[in-house]
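The structures come next, written out as structure tokens.
Next come two complexes, and both contain chain A; in the first it sits with chain B, in the second with chain C.
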Partner chain A sequence: MSIVARLPRRTLSLTEEEEAAPPTMELTGRRRMTAEERGTAATIFQEFRADRRHREFVVGCLNCGECTTGCPAARFYDFSPREMLQIAQNGDATTLWDAMQEKIWACCQCYTCNMRCRFGNDIAGIISVMRELSVSHGLESTRRTLAPFGRSLTLLMTVGTQVASDMIQPDFFRDWGPFATGSDKVWQVSAEVMRKAIPSDVLQTTRSSWEVSVQTSLELFRIYEETGVLDMLRGLDPDLTEMLIDIIEERREEFVEARERFQDQLAGQTGPVTTFSG
Partner chain B sequence: MLSANEIRKVVAERTAHQKGTGKRVVDVREEMERLEERGELVIHRIRPENRPVEASTLFGWTKRIPTDRLWHHKSCGQCGNIPGYPSSLLWLMNETGRSYLNEPHQTSCTAWNYHGTATSNPVALAAVAARNFHRAYETGHFPLIHCGTSFGDYKEMRKLLVENTEVRHKVREVLRKMDRDLVLPEEIVHYSEWVHAMTPEILARQRYPVKGIIATVHEPCHYYKMVPEDAVYDDAIYAGQRPAVPSGILMALGATVADYSTWYDCCGFGFRHILSEREFSRSFANLRKIRPMVEEAHADVAITSDTGCVTTLDKSQWIGKAHGLSYLLPVLADVQFAALALGAHPYKIAQVHWHSSSTEGLLTKMGIDWRTAKEEFQEYLRALKAGATPELLHPAHGEIETFFAVNKGQVLPEASGPAPTSASASAPAAVPAVGGPAK
Partner chain C sequence: MNPILVLGGGPAGLSATAELASLGAPTLLVERESYLGGNPKRWHYSLLAPDLRPAEEVMDPLLERVTGRPEVELRLGTTLTKAERTATGFSVALRSADTTVTREVSAVVLATGFDHFDSRRKFEYGYGRYPDVLDFKELEGMIHDDKVLRPSDGRPPKRIAWILCVGSRDVQVGNPWCCRMGCAVSIKQAVEIRQKHPEIDAYVYYMDIRTYGLWEDLYWKSMQEYGVKFIRGRIGQVTVAEGGSRLIATGEDTILSRPTEVPFDMIVLASGMEPGTGTKQAAELFGVPVGPEGFLTPRLSDLNPVDSGIPGVFFAGAATGPKAIPDAVTEGMGAALRAFQYARR
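For the complex of A and B:
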């Protein structure tokens, strides 16, 4: 007789109390879902299954495990792309909710699992769908996970790049060593002078990856407004969202003022440069 | 790990298996032609003035690589913390007489953020891609994608925009609000493919032999694991079993490209991890990539062709000393290595001082006098500090471009004769409206 068969029935099933309030696992420990969480989990499950990508990305599973054996995250985390795929394919609202608390954020998005999959599942893609839902529903665990990304998200939303040289501060990136930041401590010049030594004018900024024109950043923000990204972010961090709107409003004013200032030079131009109003 | 031949077989089986469901693996370029005929998009075609070179992709499809009149789609990570990456590419283009635009009118693909935090969605990603594509098109320059993730994302977004009518219509609606419309490039081209296509011209200018250099290649995941059919393979490189880039240029320059057991592993970047869970990134990079490269292949340098990979493999090593992993293997992008082999200044152009793992031992082995170069650079820094004008690889942009994406010379109709040789010399012409494609 196998070990499992000898175990008392109690350990293999839920009590009536547990069935009424299904347990959920987080890496920090086992706790019960609240009624509100159960409602959110049910809504997320419905949205997940209704997403057209679910039909396209989840094809089937042979249980071969090729995805997990090649997975970098599986080597260091309690994470398995096979488990994620099977939750996507056969899971219920609770198992999906559980996966969305922490495990989905272990994925490196390297797409190694996709390339190894005989079935052609898009496992990295379906994990992204789960992540999107966790953001748009403003899950508390997602807020915690993404808390360090305020500056990065600000750059992304306002100029469309995700890193700036002044983000890579030696004190925050100590593990990168003394040279990795083009550090002024090593070269005895300021960070601004180090950037001036890059032989392209658009790269000579410390505030963004490159200088982004005001028109370009306003067009980008229009995309975020029109495609629901701003609303997603509002669900995650309403204060950050309001700050971004203020920043963009200032850039719009700057743009309108510049249009008057450069009206002679713009007179011979055609296309979006003359028609885009901000 | 599947070999490329096995992948080809798997995809062939998948193609046959899914024929009935309409989800076959197809060449998206054919469908683009049909959509252009219906007026749903304009194809940004590679033209003779782009001086294309043909290459072969995973399934043997032909991919045309434009080598001239290019629009640099920069990488946020490269420009932010490894700026010698884009400056080496611009320098190589100057050396080989190629024209280009390097503009402030570009956003990143925003896919680092998407893969890291998911605060976006496919319609937004597709609209961002399409805005950049349209900007390249209206300047008359073909987009060249610097970042592996941008390359992967744009391959995905092009497929999505072609295959999904709802997304396509929504994106067109958004683009029209900024007086733009849907333009898709005939090819999505990664800069390493440009290097591959330019190999003969690069070799003709080689100054330092690199025969004694052992290089290990990290193949960027998003180059070949996302939309695999668009990656370049060459039967002469790994017998067509691995992507031809960036290994091809290293072999051509004379370096020994050495194999190691974990070549297929990712670098550990993880998008989110490199910023907020670096203990994972540095553990993975050191244990799964750098250690095998050094202990199995005895590498002098690790070469890769993507933003996150250079960052992770290079910058994760210094802390390895805390665990007795004192490898400090130099990590460079293929273009930095190629530029150095052609005589580019190690500090002013290749900007090796931004790298965490010292490259000076490698430079010595290549025969490059880095000490003199370093003194020159320190003198240059002192001059900049005193207010000297920076040396630039291309003309500086005027103040108007701080605000406006001004026109640089538009795409001309197919039958309009030779194109202008420089952006500034070309007269603006109307961009063909979607619905009346340029034919």
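For the complex of A and C:
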């Protein structure tokens, strides 16, 4: 038998004890925080450590840095997935709080770190858990960070998409550098070529990609409602949330009207009937 | 007494055979390759850690002890294809080229050893694609012949990097264990190169330095006396510099928490140890237990590391896990004694 096999297995679920009292740590108070912030930080820390995904995603770390090597965000910002994983694993409430102010938003969720990690951590996943918490607790810094993205968010939550291939042009994506402008000497990639690289089933223009069927829109929104995403967002940006609800209400009405029209038509017909439900 | 079968002619198998012969036991030494000496011979190991003695000085006396002895029947280029238990031991089928013979043996020592990890599986290092990315076993041969030159253009390198733990301590390739040797051998190589060519810069990229026990001395001296540089962090990818032939190693310096990108003339991968193909075959033939890592598992690895738990089957060397030559030799002695006792019972 191998040595490892004799060690107790790590379980993915919390013990009863832990379930009753999630792990806590004293705040170290290394930075100035208001009493309220301290309170929120402590709650976030508890929720974070008690989240089942924490046990599943954070399995241990060799501090090898291989995750950071491939991380595109680490090349441009003072950010490192290794650091995030360390904070997730060993950090206290204050360190977690600090990381959640800005750093977590540097990640573009490309999952390269996961591919590289030789210990089997889900680093991108644990970063998204941190993001969830920062949104659901309506952190001021998160509000600020996400403020410029209201338009993208609205599109994502109402039609499920926000980029289309004809958006790939230098004016929109300055940060894509020479690659997108076609002036790159090495790759010789033009916006035209990049557009062609997009699979034809998503080859939409800005207009058509934002035109989705009413049903798709409603189903999407249903998911956001059922999974609590909408509630999370409400804490962060109540106005935006109300606006989204209004948009969806309109679409719902559209849907109901369409259904009635359809049923009226149906009433005048004979033969097999397709049901139509929402 | 029917002969005792020793399977594998590396350090462990040679040591077992030598001891059995000196006990006067008829011994049948079977080796798959056409030569004896195992991995050290196959890859022309240069100096051996920890004493930095030339591999020949260590291996030749072992070889001398088994060759030309009346007790030892040597079968090279031979593999075992069948094993059945009999009243007195085992009946085994041995195949060489196109002939198969059946022999009765009284006990078996499995010294089937390890294989070096195939570094191509860590594709991000470009081994097999970039000629100047070497496996450290290949560098052994170069150091041995004092021909440390870039395979791409035959020029001497100015700066070499070693990447440790390639194919070890890595669940991505399914090998979570430590190879035990990689650190010491890489540092030894860096020292050897710096000794002869102080103009070559040597960098070692590491997660942990595991020069266990007294071998730590090698690690210290490599810095104190030979100026080998150690950078904590892994190289995550190797690319070729634009318009040139230098390699670029990208990684994170985890002490400074800073990304690094350094050009090198040569990059050396410390490939890990995996259970040898012979080890897997032998495990199947004799029905011996195999651990989750694929190495043979002694019944009591603390009290009797050479006993398989199956009567008449004994282990020696890296077949049970990564091992240095001194350990393999010691286990060969232990297995010889246990097999002899069993055969005479």
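Simple rule for what comes next: the second predicted complex is superposed on the first by the 185 of 278 C-alpha atoms of A that agree within 3 Å, B and C clash if a C-alpha of one lies under 4 Å from a C-alpha of the other, contacts with A are read in each partner's own complex, and residues count from 1 in each chain.
Note that a residue touches a chain if its C-beta (ideal position, glycine included) is under 8 Å from a C-beta of that chain, and two chains touch if they have at least 3 such contacts.
Just so it is clear, the structure is predicted and the values come from calculations on it, not from any experiment.
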| item | value |
| --- | --- |
| Contacts of A:64 with chain B and chain C, given as first, second, both or neither | second |
| First, second, both or neither for A:83, with chain B first and chain C second | second |
| Chain B versus chain C as contact partner of A:158, first or second or both or neither | neither |
| Contacts of A:241 with chain B and chain C, given as first, second, both or neither | neither |
| Broader residue contact with chain A after superposition on the shared chain, chain B or chain C | B |
| First, second, both or neither for A:40, with chain B first and chain C second | neither |
| Chain B versus chain C as contact partner of A:75, first or second or both or neither | both |
| Chain B versus chain C as contact partner of A:135, first or second or both or neither | first |
| Which superposed partner A:116 touches (first chain B, second chain C, both, neither) | both |
| Common ground on chain A, meaning residues reached by chain C in one complex and by chain B in the other | 70, 75, 115-116, 118-120, 186 |
| Of chain A, residues touching chain C in the complex | 1-2, 4-5, 62-66, 68-70, 74-75, 80, 82-83, 115-120, 186 |
| Residues of chain A defined as touching chain B within the complex | 52-53, 56, 70, 72-73, 75-77, 105, 108-112, 114-116, 118-120, 128, 131-132, 134-135, 145-146, 148-149, 152-153, 156, 159-165, 167-168, 173, 175-177, 179-182, 186-190, 193-204, 208-217, 219-220, 222-224, 226-229, 232-233, 236, 254-255, 258-259, 262, 265-266, 268-273, 275-276 |
| Residue ranges of chain C touching chain A (in the complex, touch as defined) | 124, 169-172, 176, 207-208, 233-237, 242, 250-254, 257, 259, 289, 291-293, 297 |
| Residues of chain B touching chain A in the complex | 1-2, 7, 10-11, 14, 18, 23, 74-81, 83, 86-87, 90-91, 102-108, 110, 112-124, 127-128, 131, 135, 138, 152, 164, 170, 173-174, 177-180, 221-222, 224-226, 228, 264-266, 268-273, 275-276, 278, 280, 282-284, 288, 314-316, 318-319, 347-349, 351, 353-356, 358, 377-378, 380-382, 384-385, 390-394, 396-397, 400-407, 410, 428, 430-431 |
